[in-house]
Amino acid sequence: MLLVLDLVGVAVFAASGALAAVHARLDVFGVMVLAAVTALGGGIVRDVLLGVTPPSTLRQWPYLVVPAVVALLVFRWHPAVSRLRRGVQLADALGLALFVVTGTSVALATGAPAVTSALVGVITGVGGGVLRDVLLNEVPTVLRREIYALAAAGGAVVVVAGDAAGLARLPVALGAAFLVAAVRVLALWRRWNAPTPHP
Amino acid sequence: MLLVLDLVGVAVFAASGALAAVHARLDVFGVMVLAAVTALGGGIVRDVLLGVTPPSTLRQWPYLVVPAVVALLVFRWHPAVSRLRRGVQLADALGLALFVVTGTSVALATGAPAVTSALVGVITGVGGGVLRDVLLNEVPTVLRREIYALAAAGGAVVVVAGDAAGLARLPVALGAAFLVAAVRVLALWRRWNAPTPHP
Amino acid sequence: MLLVLDLVGVAVFAASGALAAVHARLDVFGVMVLAAVTALGGGIVRDVLLGVTPPSTLRQWPYLVVPAVVALLVFRWHPAVSRLRRGVQLADALGLALFVVTGTSVALATGAPAVTSALVGVITGVGGGVLRDVLLNEVPTVLRREIYALAAAGGAVVVVAGDAAGLARLPVALGAAFLVAAVRVLALWRRWNAPTPHP
C-alpha cells in the first residue's frame, strides 16, 4: 500500500519537476534529471535521516523508470500540460500529501518517536520541491506565502496521532493525505495568505 | 553542559534565520521554517555525517520549541531587533562559536579521529547559515570576505588540541568559543579583510 | 588504485572550484572553501548514501591537503590558469570521469546492487559541481545543455556491466573513465546539443 501511494507521489512530483525544467528551457536530459531529483529527493533525504542506507529509492527500478517516463511525456507534450494550470497545482498538492503521509509512516515503522516521525514526514514532503527550486535558483515554494509548511505539518500530526491512538492505518493515511491536499488546494484557489511582517 | 551550549546556539541562529526571513518578506510560516532550518541544519548535518540517525536534533522537543518561539518573537518585534545591528552580528558570532565547539566535541565523543572531528565541527558551525543563505538565493556568508571559515577552523583546532592534550573539557570549550566569537566580531567591527585575487 | 584515481579527481575538481571562486571575486579563504566543497562534496554524499560514516574523505589527510594546495596555486596564478580555457574544461571532464568510476566502484565494493551503484556513481561525479554552482548562485552545469548527465550515466553503466561480466577491474575502470571524458570533451568542442523543448 505504501509503495503504491509512494509511486503515485513520485509520478506527480516528477511531472512538477519536469514542467519547471521545461519552463527554464533545459534540454531533454536536464528535464529528466530535474524530474528525478524532484521525485526522489524527499525520499532519499528521509532514508538518510532514518539511517536506511543505501536509500530504498535507489534500490528499486520503478523509482527510476517512473520519473524518466513522466519527464519524456512532459517534454513532448508540455504545452498541453501547462494549459492545465489547476491540474498541475492539484498534482503538486497531491504529491505533497502522499509524501508527507508515506514519510511519516516509514519513520514510525522504523521505530522513530512521534515527534521525529512527524518532522521526517514534513521533510519528505517538502524536500523534493526544495531541491527543484534551489537547483533552478528560485526561493523554494515552502518559504513563500502559501500555507505549504502548515498543510504538511497538519498531515504529519494526523498520521502520528492516529498511530498513537492505535487506529487502522489505511483510513488514517487517506484522511491525512486528503487534509494536506485540501488545505493546499483551498489556499491556492481562495488565495489564503498567512500574515507577513509589518514594514 | 553540551546541551545548554547547543540550545543557546540554536536560539541565536534561529534569530538570525528569522531576521533574514523577515527582510526577505516571507510570511509567518516561512519565518518559522527558515528559523528552524538555520538553527537545526548544522546539527542535523553533523549527526548524518557521524552516522547518528535519526539526528538527535529531531528527537528532542526543546530543539523545536526554541526556534518556533524565537521566530514568533522576531516576527512580532523585528524593527527593534533590526535596530540592534551589532547585537545581531554578535548573536551570529556567538552561534557560530557554540556550534563549532559542540560539533567538534560531539564528533570526538563518538570516537572520530581528530581531523574528522575538527572538520565536522566547522561544518556544524557554518552549515545552518549556508542553508539559510542558499534558500534565500544568496551567496553564503562563509564564502564572503569576513574571516568566517578561518574563525571556525581556529576554534575547532583548539578543541581538538585540548582533547589530545587531555585538558579539562569545559575551560577548553569556553576558550575555543571565545576565540571564534572574538575573531568574528573583531573582523566585522574592524573590517578585517582577507586578500582577494588580483584582477 | 582507487585512492590514486580519487585524488587526481580531487585535484582537478579543486582547480575547477577554485577558479569559479576567483571569478566570483571571493577572498583567499572563500577560494579554499569552495575548492574543498567542489573536490570533496561528491565523495561525502557518496559515503552518506552508502552508510559509510564518518565519510572516508573526512578521515584522511591527503583529501584536505590537496584541495588547499590547489586552491592556493589557483589563487596566485589564476590569470595563467584561466587562459588555458580548454585545459580547464579538460580538467573538469577528467574529474567527472574519475569520480563516476570511483563512486560506482566503491558502491559495488560495499555490496550495493548494480542499479544503486550506477546511481551513486553518477551522484558522486556530479555532486561536487552541483554544490559549487548552488553556492555561487548559478544553475548547475549538470542541468545545462552539455550532455553532462548522459556522459556520467554512460560511464557508470560500463563499470556496472564490467563488474557483472566479471571482467578485470582496472581496464574496465580506465575504459569507462575514458568514455566519460571523451563524450564530455567532444560535446564541448563540437558543440553537441541535446534537444530542447519546442516553444
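All chains are identified by letter, namely A, B and C, in their written order; residue positions are counted from 1 within each chain.
Just so it is clear, a residue touches a chain if its C-beta (ideal position, glycine included) is under 8 Å from a C-beta of that chain, and two chains touch if they have at least 3 such contacts.
Since the structure is predicted, the reported quantities are computational estimates derived from the model, not experimental observations.
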Residue numbers at the chain A-chain C contact, same meaning over half shared and different meaning under half, come out as different
Here chain B maps onto chain C under a C-alpha rotation whose angle in degrees, rounded to the nearest 5, is 120
Here the gap between chain A and chain C, centre to centre from mean Cα coordinates and rounded to Å, is 29
Residue numbers in chain C touching two or more further chains are 48, 51, 134, 137
Touching chain A in the complex, chain C uses residues 48-51, 107, 112-113, 115-116, 119-120, 130, 134, 137-140, 142-145, 147-150, 193-197
Listed in rising order, the residues of chain C that touch chain B in the complex are 21-22, 24-34, 44, 48, 51, 53-55, 58-59, 61, 64, 75, 78, 134-137
